[in-house]
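Presented sequentially are two complexes of chain A, the first with chain B as partner and the second with chain C.
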Partner chain A sequence: MTKKDVKNALNEFGLDLVNQLKKKKNPSFNVPTRTLSNVFFDEKSKTLKLGKKESARTFFNIGQAKKFLQTVEVAAVTKNLIDIDKNSSLRDVYYQVKRTIPGTKIELVEEQTETDKAIEDLEVITGFSREQLHVSANKNGSVAGNVVIEDKGDVIDWGKLGSGGWSIPSIVEAIQFKKVKADYVLYMEKAAVWERLHEDRFWAKNNCIIMSSQGQTTRGIRRLLQRLADEHKLPIYVLTDYDPWGFYIYSVVKYGSIALAHASERLTIPSVRFLGITAEDIEKYDLKKHFIKLKDTDIARIKQVSQYDWFKDNQAWQNQFKKMKQFGAKAEIQALSSRGISFISEKYLPEKIKKKDFLD
Partner chain B sequence: MAEKTRAHELAERQREISVSEFFAKNRHLLGFDSPKKALMMAVKEAVDNSLDATVEAKVLPDIYVELQQVGEERFKVIVEDNGPGIIKKQVPNIFGKLLYGSKFHVLKQSMGQQGIGISAVLLYGQLTTGKGMHITSRISDKYPTNYFEVQMNTQKNEPVIAQEKIVEWNKSHGTRIEVELKGSYQKGRQSVDEYIKQIALINPHAKITYKTPDKQTIVYVRGVEQLPIEPKEIKPHPYGVELGVLIRMLQSTHSSTLAGFLQNDFSRISSQLSQQICTEAKLSPRAKPATIARDEAEALFNIIQKTKIIAPPTDCLSPIDEDALIKGLKKEVDAEFYCATTRPPSVYRGNPFSIQVGICYGGSLDKEESIRLMRFANRVPLLYQQGACAINEAILDIDWKSYGLNQSRGNLPSGPAVVVVHMASVWVPFTSESKEAIAHYDEIIKEIKLALQYCGRQLASYIRKNVKAREQRDRVNLFERYIPELANSLSLLSGEKKDVIEKNLNEVLEKGMKGLMAEIHEDENSEIKGKNVEFAEKQITLDEIN
Partner chain C sequence: MTKKDVKNALNEFGLDLVNQLKKKKNPSFNVPTRTLSNVFFDEKSKTLKLGKKESARTFFNIGQAKKFLQTVEVAAVTKNLIDIDKNSSLRDVYYQVKRTIPGTKIELVEEQTETDKAIEDLEVITGFSREQLHVSANKNGSVAGNVVIEDKGDVIDWGKLGSGGWSIPSIVEAIQFKKVKADYVLYMEKAAVWERLHEDRFWAKNNCIIMSSQGQTTRGIRRLLQRLADEHKLPIYVLTDYDPWGFYIYSVVKYGSIALAHASERLTIPSVRFLGITAEDIEKYDLKKHFIKLKDTDIARIKQVSQYDWFKDNQAWQNQFKKMKQFGAKAEIQALSSRGISFISEKYLPEKIKKKDFLD
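And then the complex of A and B:
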């Protein structure tokens, strides 16, 4: 794959539409449907994959014209980015496309989610990733550990970056690992917990890498985790809140997500394990007094997640969902702090990891 | 002598409460629940009287309404008409005595019904300001103009004349009232402003000049120059009379025999039928009506209900004709389509009634909001208690989607439309004394629905022909705007010249214009599917995910 291939793919997308026009056809292109109904769980690779359902997007169709135009506009923007060899953020792309259509009161795009979607569409149309289209997301997440990398000529030691650690960029393809000295990677959804562990030098004492996001796991984090798992054979352990949303964070890292099923190959890590917080932890570490009552949306989400193909027949996970419903409650990772500020780094994590107390 | 019991003590305290006192304590029953509503009611009662009086006197109404704010929550209401005026000795009774009126004892389509209205305004004004009502009235230029200040003795329900004199007036006939009361002036759907706008709409033969508390003068000009047909008085139909009323009628009739009473005091009872009813009720046709006992009256009542009696005459009604209704709508609502219908008279419980419906659509009306429903009974706007009204029920009972409006379950339809429903009847069955909602009789709801559906069909046909065509033009127009944008980006992407692409796009548009309509619905499905992907609370923003 070269830059030229990406450019050619975009160019062909345009030429195909022009050829349709020359044949006096209503220009149209197909986009694979990226919804739950067109995503299946591939038992062999243990990842989510996109099905074969496609929907047509046609220009002379009042309900589709705007989306059609958005997609072509975004394609033109990315082609230009590649031409001038610059990266642009999702937000930049939005502003490059955003304008009022002359003679009307119609905004070509109203929300950034519309251009974001158009970029995802382009990924599936061209077969190239967002990063290859020179579009990046905001950086999100921090990492610390006994690791040295090289990024665009700078040599960076993940262990010597003060209290903030290294912020994970949206595109991690070009990073080279110079030295990786760790037994495993601990990935957590809470930045506050990461800060606690970093302050306690958890990664140095336990010879590991600690990584966090704030909420959902971004592509950059997923790709970085995958590279550490693939290239350095490191086990990855996931630590989330005790709620269906936390479980889903683990699910996305392990199996992939519905919206990005087309990119599963580059992002999913079938070997990751769920470290906590589990229903058993709640009982063992006496966290019930920090329970938060489940809301209706939580209960609906439990039902949804528990019925996903990849959880449906997993007894251990069904047990977790069942228990949560019985408790009628959820809990945050920080509930562990009630046992002492460094309880998590001195007792909970070492104990769990030593006993290999994980869910698969 | 027996010891004084508790019952004796109570008896000493029990005394007759006069009607006026009762209403003084229960003003909400007459609609004076809040200062805002009281102000509206005062204007309403006075204007209703003026419109009734002018039509009776066969004069085209010219009515002046003025509101003056005289204190923080105090207003002076002035209403002046060019009606027939009131003879001197009647003035105090009409304004200063509750339940005194010409309308309660006969059945005739009129705005007022119970004779409570204007005297209730006087009573309310007196209760809240201590002042009486000032009345100026003249019956002809051959007579002097009388001026009164009238108050009410609430215990006796008697008028008290506080002042009386002869004054100069530049009118040859008419009546002017001035009353001060506690009120609150607000704009909106239930305001005086709205009431006057609606009354002008439904009475297009009236000219109304309205001076607001902000000293703005609004003139509602006439839409038609003909007076509506004057409604006729009719005797009650036997089916419409309740037992209590029947007993009262028996007591007060001038007829000397029961058969004569039935024949003379009711409509649609022939001498043969009156004999038959008496026989079946096992009563003597020659019995004196006043001697009929309660259980005998009940037997009579039951037989009447079982006897087949032809429907009452319906020529007593004065429905608004379609043309006048459309003219009324045109002068008060800026729309592009107007239609109206008048249903033939029908009968509920022995009372004749007729429904008129008008619909206007498009123009300056709001596309996104609920339709605007205006309810009227005997040419009086009903601004309150829409939800309790039979008209509301009839509207909700219709599937408006088939008439080109949007509607979600259990709600008023939405779209750029105003719907006017008018019920004309000798006796409008209100749900309460404040006369704000029409009671739910099946016959009435059925007639309203038929009228609405008739107008609905006309509306649907208009929308089909004009609105859809315009929407399609809009679509083509929209594509024309999109084309240069697409040509530009497609040119950048493909390397083809922009004008070549633009030319081709225009050709495809022209060729495909006919097929456009067919494609419109296709996309909806994929849109809905797209929403299935659910992330919720924890997501940062969509761009950051995964």
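And then the complex of A and C:
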């Protein structure tokens, strides 16, 4: 799967339209429907996937002409990006496409969501990821561990980057792993927890990789985790707050999301395991005194997440949701600090990992 | 200014209270008032500063006892952090302090804002920064450039870190600069712009350092910028959107903020200059077609920011605010991408920097 393949796919898309024009046809292409009705949970691969529903996008059609043009225009922008070997952010793609259609007062795009959707369509049409189309979202997150990579000609040792660590780029496709000496990857939602573990040199003492975003998991992080899982067979453990939002972070990394169901293969990691915080941790480590009362939005979210296909028949997870409702409370991972500043790195994590106390 | 000095300051604070107790006095200490009424813009240093108003915090006083205890408790936590040579996040400090006062049903702290304020008080009482007291906030941001540092025993070349760059830690006090070969630092609010410049190797071609957060400027970034300005006499140029929020990002880096007026000396950089986007850029580079209409909140914010002491008599800045109101619109830095993906790194930035086209 090379850059040439991606370019070929884009060329093919363009040539097909040219051929239709030459035959005096009304140019048209098909795009799989990406609404909820066409997203299903595939029991076999254990990921969210797109169904077979497709809709045509036709040029001479009042309702489709603009979307047709947007997709073609975005295809041209991405082809140019590949030609000049540069990457562009989603926002930059929007500005590169944005213009008034000559001779009219019509804007080709009004909002970034339109070019974003066109890029997602192109992912499905070409079979290549947004990153392979040279389009990035925001970068976020840090990583440290016994790993040496090569990226853009630089050799980078993730274990020798001081207190900061390596800043994870938005696109990690071109990274080459030179040395990976780790038993597992610990991925956490909070940068402050990462700094705690890094200062305690948790990754060196426990021979692992620590990775963090701040809040949502970027696609760059998901791909980096996936590559470590696929190419180096590393187990991935997820560490979040004890709340439905934390559970959902795990859910997205493992099963994918509805919005990105078309990209599941390139982003989901079915082998991912949830490390904590669990209801049992709350009881075992006496964290109830640091409970935070559930708000209405939390309760609604618990109901929603617990009914997802991949959770609804999972007894272990249903038990988590049930207990959270019984407690009427959530808790933060930092509540562990009440047991001592390094309780998390010296006791909580080593104990749980040794006992293989995970949720799947 | 060593770790010992910080510890001595905390010891002194504690010993003074012990001495008062020994003399059977009602223990008490003074804290400068940190409300708006005691914050002023110091024309000489060109930074926001605290005035001389102080208030006593006394143990046997119903209204002050809890705050007294919180401050003493947080002092104990920070002293312990220095003793064990570890850093703690603000959230972790909260959990380390949080407990029910024995024999009562009273919680020592209810919300993190209480321990946050106690730490700010300790900054003023001891004269040392939160970072020197070993307390961190969230890390964020990346940096690249012709710089070699030493941190935690690792030698890190900011110019050899692939597409990611160095992830800036929350505390940068201990970093040692080994080699700084750069003419200036370019600090931008957007990670996507940083990735654009980094991919174009802007820092290598223009011999500078590029640094980015995502949104607000963390204290780690502000201190890192300040250290480069103070210790290496590097000019700092700020690059933001053309909107009141971007202008305020510049304002905080240069003059400080009301909430952190007590820490101005350790955070503000009076030499900082604003590079863009300016009203003149909008006209010169034909960006009006990418205007975004001002919302009511934008208009209110323009009014507020334009009336700050350090802006209100500054004709160049008043002109910016006036034009923005006349335009009735703001614009994003990424609007430059409509001129070409690398227009920013090949034309806009080199041209402006060469002409010294800055706002002060």
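Annotations for the structure displayed:
Just so it is clear, the second predicted complex is superposed on the first by the 290 of 360 C-alpha atoms of A that agree within 3 Å, B and C clash if a C-alpha of one lies under 4 Å from a C-alpha of the other, contacts with A are read in each partner's own complex, and residues count from 1 in each chain.
Keep this in mind: a residue touches a chain if its C-beta (ideal position, glycine included) is under 8 Å from a C-beta of that chain, and two chains touch if they have at least 3 such contacts.
Just so you know, these numbers come straight off a predicted model, no measurement behind them.
Once the two complexes are overlaid on the shared chain, A:95 sits against chain C while remaining clear of chain B. Contacts of A:335 after superposition on the shared chain: chain C is touched, whereas chain B is not. In the superposition on chain A, A:11 makes contact with chain B only, not with chain C. With both structures placed on the common chain, the touch criterion links A:73 to chain B but leaves chain C unconnected. By the touch criterion stated above, A:33 is placed in contact with chain B alone, chain C being left untouched.
In the superposed model, A:138 makes contact with both chain B and chain C.
In the superposed model, A:104 makes contact with chain B only, not with chain C. By the document's definition of touching, of the two partners only chain B reaches A:217; chain C does not. Overlap of the chain B and chain C contact sets on chain A: residues 91, 138, 140, 214.
Of all the residues in chain C, the ones that touch chain A in their complex are 81, 84, 86-89, 91-92, 94-96, 98-100, 136-142, 149-156, 160-171, 174-175, 191-192, 194-196, 199-200, 214, 289-290, 332, 334-338, 341-342. Against chain A, in their complex, chain B makes its touches with residues 475, 478-479, 481-482, 484-486, 489-490, 492-496, 501, 504-505, 507-509, 511-512, 516, 519-524, 526-527, 529-530, 532-546. For chain A in complex with chain B, the touching residues are 10-11, 13-15, 17-18, 21-22, 24-27, 33-37, 55, 58-66, 68-69, 72-73, 75-76, 79-80, 90-91, 101-104, 106, 108, 112-113, 116-117, 137-138, 140, 189, 214-219, 222, 245, 249, 252, 257-260, 263, 267, 297, 301, 304.
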